[in-house]
Structures are given as C-alpha cells and as structure tokens.
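Chain nomenclature is as follows: A, B, C and D, assigned in order of appearance, with residue numbering initiated at 1 for each chain independently.
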C-alpha cells in the first residue's frame, strides 16, 4: 500500500493525499465560481489602467489586460463560465455518450449499427459549420452553448465507451444476467459500467480539458459568454499578444486553467475508494 | 534614410504579408475586396490616374483627363503601353474596363459608383470619352480607385492577370500566395526595383509580427495596437503609420427603436468616450473624430466641427428625456468590424456609470455584413477609406445610399450633394461639404468616434515606402516602388 | 534425499480496506524431498492455492507473505527480488492453475500461450517448442493435437482448457510442478489418461510435485505423501497409504467419510410424477456462423433429445468436449438451437432467450461451469447473490440482506464474505457463489454445470445435501452435469451418457454402474478412481478396459 | 476469417458511402441555413440588392437548392467536384494541393506522435503509481491544458523570433531540401503532437491498466514473464480495441481540427480552406471539404472498428 495514505475514518471512503489536494483545488474554484462575482476589486469590464499588459502590483494583483482592465477581477468573473459550462457540458456529453455506447454494445444488431453510423455522421460534420448553424438557428445563449458542446463531444465519448463495452459484453457474467432476463438498463449500469469505469473516467477528465479550451474558440463564433465577461480560455486568447512580455494577463488565466484541469484529472486518478470489510 | 531613398537598389525577392486572404482571392480588379487583392491589382495592372501622398491626382495610364462641364470627360491615353501578353493598350480597353462595372453579372464592388457613368466611347485609338449622368468634378479621383484598374478588352478569365503593371503574375494560389516577377517591358521608365515579390496573408496578428521579427517576411501590414510594443522592442523594425479615414462606427437606426428618438442618438454620441477608445482600444493609433466620415487629411475636412466631449451627465439627461434610461439596449458587435467589441465594452462601461444598461451581443464575423450590419437597431459598422466626400456621402448618407447605416434621410442633404458634385470651384464645394459634415454629425445616427490609423511594421531593409491616403502599404501599391537595401 | 522445498513458519496475510490484518496462512512448515509428490488436501478456502502460490514466491493482490521462508533448492523465494523470482518461474517451478478458463488470455491463440514459457526463458526455438507442445497435447489426450492449438480459449471446452493449461506448465520441464486441482473439470476417462500422463512425465523427468486437490481418490493415485489443511494450518501429514487408511485427525476422517456417497435413487421419496417439466426434442446446436446447409460451423449437439420429470434429476455425463455444457446453454436459451424444440411444463418454450418471458426465465436457472468468468469482478458477492431476489421478487433492504445471508449460509459461505469481490475468493468459494445466485432466483429447474468440481468432498457433500433438501421442500428438478460419477450417483434419478454431441444411452441411476450396455458407458464407469493407491496402475492391466481406451 | 474480415470491410464501405451521402446532404442543408449566400458575401459590404440579384443570376444560384445539390452530386459521380463559386476555379485544383499539404503534415505528426504516445501510455501503465507515471501524467495533462494557440505562439517566439532556429511561418520556407522540410514542419508537428498525444496516452494507460488486473496476467507472471513481456503480449492485445479507437479519434483531428496550427504557422492546409469556404458560402468547396473530412474520419474509424473486432476473437462470429 502506498505510503502517505490517509484515512477518513467516518466516511467509509479512503482517499490519498494527492486526491485530497486535487479535491481542495476543485472545491476552491467551485467556491470562486459561486462567490467570485462578488469579490472583484473592480468591475470586470472597466478600464482601470492607462497602460496595457500591466505588471502585477498591489492595486492590480494579476496585472492588467490588453485594454487595461484588471485581470484578477476578470478571472474571478470568468470562473463561473469556465467551471460551470465545462462541467455541465462534459457531464452531458459523457453521460449521453457512455450510456448510448453501452446500450449499443449490449443491444447490438441494427440499433448499434444505426446509432454508430448516425453518430459517425454527426462527428464528421465540421464543428465550425455546426456551430454557425446553431447560432444562426437558435441564437446564442449559455444553454445553447452547453447543448452544442455536449453534442460535439458525445460521439467521441460514445465511440470510446462502446469499444470498451463490447469487450465486456462478451463475458460470461453478462450472459448470466441476460439469461436471468435482465433489461438493458441493468446490464449497462451494473454489469458493464463498473468494469469500464476507469477508462471512462479518464476520458471524462480529458474531455473536460478540451471543453475548457474549446469554449474560447466558440466565443469567437459569438456563442455563449458575452462581453465584457470572458471565460478563462478567452482571457488567454485575448491577451496572447502579451506572451512575449510574459504579461501576467496571459499567464495567470493559463495557470488557472492548468490548476483546474490538472486537479480534475488528478482527482479522477485518485478517486476515493470505498472501504469494504473483507474479513473472513 | 532620406539620402539613401534617392538611390534605389535593383534586385531581390521580397516577402510581405497581409492580414486576410481566402479562396475568394481574385485577380479581377472589379471584385477585389481584401488587401491581398489590392496589392496584386496594383502590381499587375494600372489605373488611369493615381492618388499621391497628399491626395493630389497624378496621371498614370491617362495622359490627361479633362472636362468643361464635369459631365463629359475626355481621356487621352499614353501611347506605347503594352499588356503582359504583348497586346497594345488602346481606348477599347478603357471602354471595356469601365463599362463592365455596370454589368451585374461581373459582381463589381463599385457598381453603385460606376452607375453614374452612362457611357464610355472610344474616340480614337488613344482617346476615350466618358459621359456621366450628372456633373461630377471628382471623376479623376474616382478613377484612381483600385477597382478601376484597366484590363485588356474582352478579358473574362481571371486565372491569370493580363495587365500593364510593373509585375507579371507568376504564381497565383487563392488563399495561399501570389508571386509576381518584374515586367521588363513596363511603360514607366523607372521600372520596378524588385526582381520579384511574394505576397500572402497571415491572418493571425501575432503570427504576422513574429514572422517579421524572425526575418521570414519584410512587411507585416496592419498590425494591431497590442502588437506594437513587441515590434518596437526589436531592432531593425520600423513602423509606418497612416491615418487615412478608416473608421469603426456605432450606428443607431433612425427608423427603429430606440434610434427613432433623436435624444437617444445624441446621448449615445455624448456617451462615446472617444479618448478612452483612442487610448485603450487603439493604443493611441487613432485620431479623434467628430461623427462624420471625412478624415482630417482630406482637403474638404471641416476643421471647425469639434468632436463632442465625453459627457455622461448630458448623456444621462438625454436618455432620460428619450425615456430609455434603465432599459436594456442590445448592441451588436463582431470581430468583423475591427475593434468594435472593445468599443462596445467602453460604451457599456460608461453606460453602467449612469444607469444605462447596454447588452453586448457578440455575433460571428461570418455573415456579419449580410445579417447584422445595416439591419440591427444598434450595431457597429466599419468603413474603409474613400477618396472623395462625394463618394462617402452618396454611399453612406444620401437618402438612396446603398449603405445608409442609420437610415438618415434628408432632402436638403441630397440636394446639396448634387450641387457640390457639379461644382468645379474648390472653395464653393468646400463650403457645401462643410455644412454637410455638420448635418451628418448632428442628425445622422452614426457615431464615429475615431479614425483608425493603419500601422505597417516593416524591416528597415525596405526602402522607398511612402504613406498614401488610399490605405496602408502605400495604398497597396508598394511593390512597384520599394527596394531592398543589401 | 535432499529436500527440494523447505517451507518454514510461513504466514500469509491480507490487509482489509479498513486496515485490519487477517491471516490466511498461519505458520506452515513443509518439506518436499526431491522427486516426491506431495498432495495438499483440505476444505475449500483452507489455503491450498495460497500455499501453492507461495512456492512460486507469489501472493495474490491484496495478500502478502508476512513472515517465514520458502526455500526452493536452498533459494529463499520469500526474500528474492521480483527479477530473481521471474527467472525461476516457468523453468524451475511451474503452475497449473485451478481455473484454467481465467488463466488463458482470450485474445491469443492457445498454442502461442502454451509455448510462451519457452520464448520467455529462451529455452528452445519456437518450432521445437511447437513440436513439443503437440506431443504434450497428445500425451494429455487432447483431440486434434495438431490443430487444437490454433483455437482461441473460448472455443474449447472446460476440460480441454485445463489440459492445455497443464501442457503450458509442462513445456518448461520444471523441477517442481504445482498442480492446483488439475483434473476437476475432466471426465473420468480423460482423468485417467491425464493422471497417467502426469505420472509418467514426472517420473521420466524426475520432477517433484505438489498436487492440490480435494479428491482423495485421485490423490491416492498420484501422491507419495498427503498434507491435510484446514483454516490455514496443517492438520496432519503422512504417507498416502497411512492417511487414507489410518487418518487420525477428525477432519481427515470427515473427508474420508464423505467419500462414500449414499446413492440417491434409493433414498428418493418423492413420487416420480409422470409430468415432464422440461422436454428437449431433437435439438441441433453449435457454434460459429450457420452454413448453407443450415448447420453451424461447429456442431456440438447432434439431434439430442431428453426429458426431465418434475421433482426428478437428470445427470449428464460424458467425456470432456462431448457437448454437456452446450446442452445446458441450449436449454437456457443462450445458444438457440438451429433445429429442434423444447417444452417447459408441457408448453412450447421459445428457443431464443429474448423470446422467453421473465417467468420462464426465472423457472429455469443455469449455473455456469466456469465460476471465474461468470462472476462480475467489479461487484461484491452480496450484490451478485441478491440481484435475482430483487429482480424476480422485488426484495429490498433488510429483508434482502437477511435472505442473502441465509442463502450464503446454505452454501456454507460466511456472511461476512458478502462484501468481497470475486477476485478475493478461493476457487470453491466462487463456485458456491455461482450456485447461490441460481438458487436465489427460486427456480423450478436448475441446470447445474459442474457445480461441485472445485469443492472438497466434505463441502461437496454438504452442497449435494442442500440441493436434495431444496428438492424435497420445493420440488425442484435438476439437470446435473458432472464428470464425477459418484456425485451424479448421489443425486440423480436418471443418467444420460453423452459422447461427441450425441446421447449414447440414458440409464436409471440405480442401475449404475453395472447396468450400462454401450461400450462407452462401460468404459466411463470403469474409469472412476477408487480410493486405493494401486488402482491407477491396475487399470492398465484390465484387458477389456485398456482395449477400450486404446480404441478411442 | 479472412473472408469475414473482407465481408466486414465491404459492408462497412457500403455503409460509409451512405453516411457520406447523408453527411453531404446535411452539410448542404446547413450551409443553406446560414445567413447570406455566396453572392452577398462576395460583394461584402457592397451588396446592394440589385448587385446581389445580378450576381446570383449569373452564378445560377437562383435554381432551387435541391437542384443545385443534385447537380453537384451528379458531378461528383462523374468525378467532378465542381467549380468554386467564389473564383470559378475548379474545386479539384483548389483542394488538391491543400489536401496534400494537410496529409503531409498529418503523416509526419502521426509518425511522431503515435509511437511516442503509445510508448508513454504503456510505460505509465506498467509503472503505475511510480514517480515516472505521476510525472508523465502531470505533464500530459499540463500540456493539453495549455491552449493550442499558446503552445504555437510560444514555440514561434522561442524558436523563430528569439533563437532564429526555425522559420515562423511554415510555408514561406524552402521545401526542396530535407533540412528545409524538417525546419518547416518542426513546430507545427510539435504543436499538433502536444494536442493529440494526450488523449492517446491517457486512454492507452487506462485501457492497459484495466487489463493488467486480469487472471491471465497473473498467470503470465507465474510463467516468469517480465513486466515488459506481460504488457506487450498479454495486456496490450486485449486493450487494442479502446486504444485503436482513441488513436483513430485523435488522428481524425489532424484533418479538420488543425485550424489553429494552420493559422498560426500560416500553413495552407485543408482546414483553413474549409473555414474560408464556409465564410464565403462557397457550396461546392464546402461540400468537397466536408466529404474529405468525412471520408478521412470514416476510414479511420472503420479501420479502428475492424482492428478492434479482429483483436477480440469473441467478436468474430
């Protein structure tokens, strides 16, 4: 057993130090997402500095951006978009993708073929075109953005989950459950899911990262977060011109992204394990 | 460098980068729309006239252009000019090149300007006669526009350029790059200095600057204000700044709420923090404007019309009067209209200070001009420099103007426009234009905060580049004039 | 003679998730002389497999050797590095696993896995290894020795797989062979051949052996010495003769007593109602794509018919690969027959699973032969057993928990085990979980595919007793597939003998073993090992039997 | 078995063709739904109603949408991709060179990224929990958390602007010598590899770890196999399905998803062509590009599916 194991005796779960640290970071950002808007030293859209790409100072903790706005405030305000939108859309994509993938693997036959081909087709439509049509048709709002991200990432999650699930589906214990007359819902949630959970979660962690970054790309299509607010990815993008000067305006949002995404992945790698009683 | 500027060196291959190109890149001057198109046209073709640095008109393919009544114009052509394919240049080419703008199938960008031409006639091989629908003293200036480049009679295939210009087109890959070689048969005694030049677009601003800094290209055109600090910080880079009349403006349609309340429009103009826009959004690379489209470099500019000061209190009072205070007004902005999002945010912030809520709707640049521009009640536009007040006003403010951004309609204005157009006397024309500028600034729904400067970053090896009112990179005609210092 | 193996004060422990240590092996001392074969017997879960594994310096995940030493030719495996251990495994000491099904990689051909040891330790060129493997297949009486290696693990029967696993261990000519219940899945005729093959191979190469089994009769044939285990401790050690005739320890005696079963039919009191509960008529089934002739690529059942009466039991015996499991799968609807039909309680029973109603499914439960692969590795035992209760009866909460514990108790599993994952159970424990799951469904017919093969005689007898008891109380009917004739005799009313996918004959159990008429049946019954050390060697001297064996 | 695979491939090709047609129709419909048409967009700000009408007529845009779609499809059947609306050049000419560029870059990236990713994924799985595993994991997630455009810009700043080792824009470089090609491709390939490797590494690791828990791995250990041997010969063959799917999905990104790399390095590839085509509503060009992406994607995933099926004998019927 790895050293540095810590026990949380009351919960019935055990988590290691890395997992706890990752969890704390995520919790921190979750709190910022909820309360950050009230803690900003300056309005996030106000130009407060005559200079641009200003350095860190006591009045501007994280420096100022390309327009002279306070980056610290902008990060605080942007947190809710990055954390909220990414979280919801990744969950939507993964839940739908994984459920569909497992269902296809279990049901097989034409359901599998048709669903696979439909999702393949969906995935091969260029996402820029897709995004544009959605904006043109549905207008731009946060729910539309979340739905779009969900749709964009569902086929990938589907494909991966299905690939894992078809292997499990050939196992005898699934056959036993079938012989019992179990429905598809039970087969996928109880017999298959527990056995593919590891890779599926790893996939979820990665997708989270992609969504955080894709958000900034979609803002440019006019989707979602509207000025003056911006998600973290867009903060990096707006201020990329400051990179040659190592301006905090570009580094701080990048650090924020990295801290969140790395924590999410570390937490997934070090999820709490349930304590079972194995005594004979 | 001025001493050196006198003695151009011949030879060399130059690479320059514009900011946009696409598969719609064209060698057809009538369709030219992106900077890359203009650069190509200037290198491969010639116009009848050429606009100089100070706005004056010089003859290029024309020997002279004259008219007594500003309605019928006689154009004498230079002799001994040949096209790249060896064909001799004659008045028939002029007739063809000008008349095709009237054909809708050509899809000319200047169709609306060309419409005033009722006929072009070849008088003899080297004389053409242009007849206008109504008097227009600006014709020589209009002919200096890029779209009026002269092509060989009967040309319909533009996969190659057959012009009279200083370069021949060697490679043309739409959306990728163009390479031109020096035309040794060029009719001007001072032929191009460069052996060849290559032009392509690097749409990403920092990539363009980086390419210049790394020495991959010699000219990075139109760099964003935010990149200037980087360009300046490196040795061997010079910045060439031109303020030519390009602007991004905030439009409120006068025929829709809330623009139908004139107090709202006026309040908007007072709420526009021009200093902040100039300083923050454009980093000083702009000149403050006064809500009318004629730039200070233009001889007809009304210097007495002072820009409105930023006055939130007055704006608040006006909004109150219009009954829109505390309402939420959507403003449509897009990357398509440069800096419009930053400007919108500055307006939004100023509004927040007086309890006026503006809701910025950032929309895709894709489709912006057909879906939002001219259509949304409050939106941004972006207008490129035009050589004459007449063109600007008839394009943007006449009652039947195709791009009447705020739906400004005034019979008086239309009358004055016609009057000025036929007026050959400079002072009288200027007086009329001055009054029209006041009318636009006060009555139209277009708030023009600043004229945006164009900044090209160039290697100090590039010599001979001058400013030009038609735009950056010497009005896009740099290829013929610059040389590379060894 | 020098001792090849010396185990001193061996302790193996596991740490539970709550941090509590439990001891699985509690201080075992064991010596094995060179060339000697020692048998480890003991009840299921007593630590036989665990000890066997420590002889390779290995402890299953979650377990570890906490103290003591395991010396192989003087070399302490308990303290060796992983690299040193790897060097010895496969060449000096080899292992035939208890569950052959799980030990084969499903994605690779059998032959590749069999000759892998040669490649890992660079023992011989691949062609030589292949040739040697084929010789071993032949020696182990595998059908089609030249080509069977080209198949994948799921394409051979359970017994074939176990012999392939033995071949996999033998290929490296190890000094010490460890057999973990290598013949449990074999029918008696094959068992004889395999045992003989083991014996001769080991004698020929002077191998030392550890033979883990719960079958005293088999152990009697092959072992020189017997070690009796219980609860992780050695109860008694002695020469084979001495143990089987004069075993003193109460547990040993229990084992011996359990060996002589009471024939079932005699004690059967339920009126054999005329009502057939399950009829199988002229069923043809097999594996692979159905060809143009309407037959599958590999036909495993050729026009099989049988009848199961209510409250009576049908035993199915036959050599490994004869189609016993296939018959069970066809009955359960998992492998829809290409022709023929079935009737349940007089009503037509759809061939395909998805056409059967939930109630039809509940009434007939199948217990898979390979307990290892039939248990979801990610779910605790309690959930596995509880599911049919929830599914068919909607049981929940405390009632469910109580019932699960009751069912576990019926199959002699401690209640605390319900929190474990299948990977943390011994082979016999898994098999009982597998059976418990079927019983939980409250079925009318149970298709038992080798439900006692991994159980020691004591527990097996208890399980058989349980099955009988349930039958008395609830009027169940069993289809009882087994290769262990004494078990079949102990529970069945009728016995069906199968060979090559066909029914050879069906006999009433009380006519066994002498009522058999067909030569194959006779051979089968004569092959049942006796609790007599000389039996195996004597078999060969029986002229009739050896002729029959040769003729196969 | 070969016959089965052949049958599988054939049926998948059939399905792929149907998918292609469906996708092409959807793309067409989507383009039609976008505001503005090619005439309007070509004229840009100068789009007066009469000018637009005139141009539209001359470009035969007034035909019903479906007729234009059919016309294009029929042309495609005879191998003609049509002519670009925007500049009347044959689509095949526009696409050809660009596709080649994209394929070149994709190929080099694949050759670089896939082996490295698999190696890292497998080794981290082998040494799960070790310092090596943790470091690689942190790095991988760290690298993908950095936006692509930032990696690209940073690379340009460091290697082109400051060190002057590499050209800032790939295309402005001389591609005639091997050294020139290496120099031109170095940065785009590194950037793309950073983006696509992460998924492959993580998925490979997860899939291999999953199979390392199985009893046959334990058995291999008891045969004296080394960790390397176990992972390569036992765990990997069983993890092939998910891994190949992750690889296929990652690689499919190299066709249409590399717009940022193409932009920052000014590399004339097909992704940018598509974006251009969408913004000019250049239908034949959009359709052709979409077909190419779709075809590439379908090819990759079909290969993945077939490999997955072949790798699991139980899936082979």
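Here is the rule we go by: a residue touches a chain if its C-beta (ideal position, glycine included) is under 8 Å from a C-beta of that chain, and two chains touch if they have at least 3 such contacts.
Since the structure is predicted, the reported quantities are computational estimates derived from the model, not experimental observations.
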The pair out of A-B and A-D sharing more C-beta contacts is A-D
With chain centres defined as C-alpha means, what is the inter-centre distance between chain A and chain B in Å?
-> 45
Using mean C-alpha positions as chain centres, tell me how far chain B is from chain C in Å, no decimals.
-> 88
Return the distance between the CA-based centres of chain A and chain D, expressed in whole Å.
-> 22
Where chain B and chain D are represented by their mean Cα positions, the distance between them in whole Å | 39
Multi-partner residues in chain D (2 or more other chains touched) are 34-35, 153, 157, 161, 238, 278, 312, 314
Of all the residues in chain A, which ones touch at least 2 other chains?
-> 132, 136, 195, 240, 243-244
Considering chain B alone, which of its residues make contact with at least two other chains?
-> 206, 366-367, 371
Pairs of chains, among all present, that meet the touch criterion = A-B, A-C, A-D, B-D, C-D
For chain A, which residues count as touching chain D in their complex?
-> 2, 18, 113, 117, 120-121, 123-130, 132-133, 136-137, 156, 159-160, 163-164, 166-167, 170, 195-196, 198-199, 202-203, 205-206, 209-210, 212-213, 216, 233, 236-237, 240, 243-244, 250, 254, 257-258, 260-262, 265-266, 269
Flag every residue of chain D that touches chain B in the complex, lowest number first.
-> 34-36, 39-48, 50-51, 53-55, 57-58, 84, 86-89, 94, 97-98, 153, 156-157, 160-161, 164, 167-169, 171-173, 263-266, 268, 272-273, 276-280, 282, 285
The answer for chain B against chain D in the complex is residues 15, 17, 22-26, 31, 33, 103-105, 107-112, 158-159, 173-177, 198, 200-204, 206-207, 210-211, 213-217, 365-367, 369-371, 373, 402-403
Of all residues in chain D, which touch chain C in the complex?
-> 4, 213-216, 218-226, 229, 233-234, 237-238, 240, 311-314, 317
Residue set of chain C touching chain A in the complex reads 14-20, 22, 45, 62, 332-334, 353, 356, 358, 361-362, 365-366, 368, 370, 373-380, 383, 387-388, 391, 414, 416-417, 419-421, 424, 437, 441
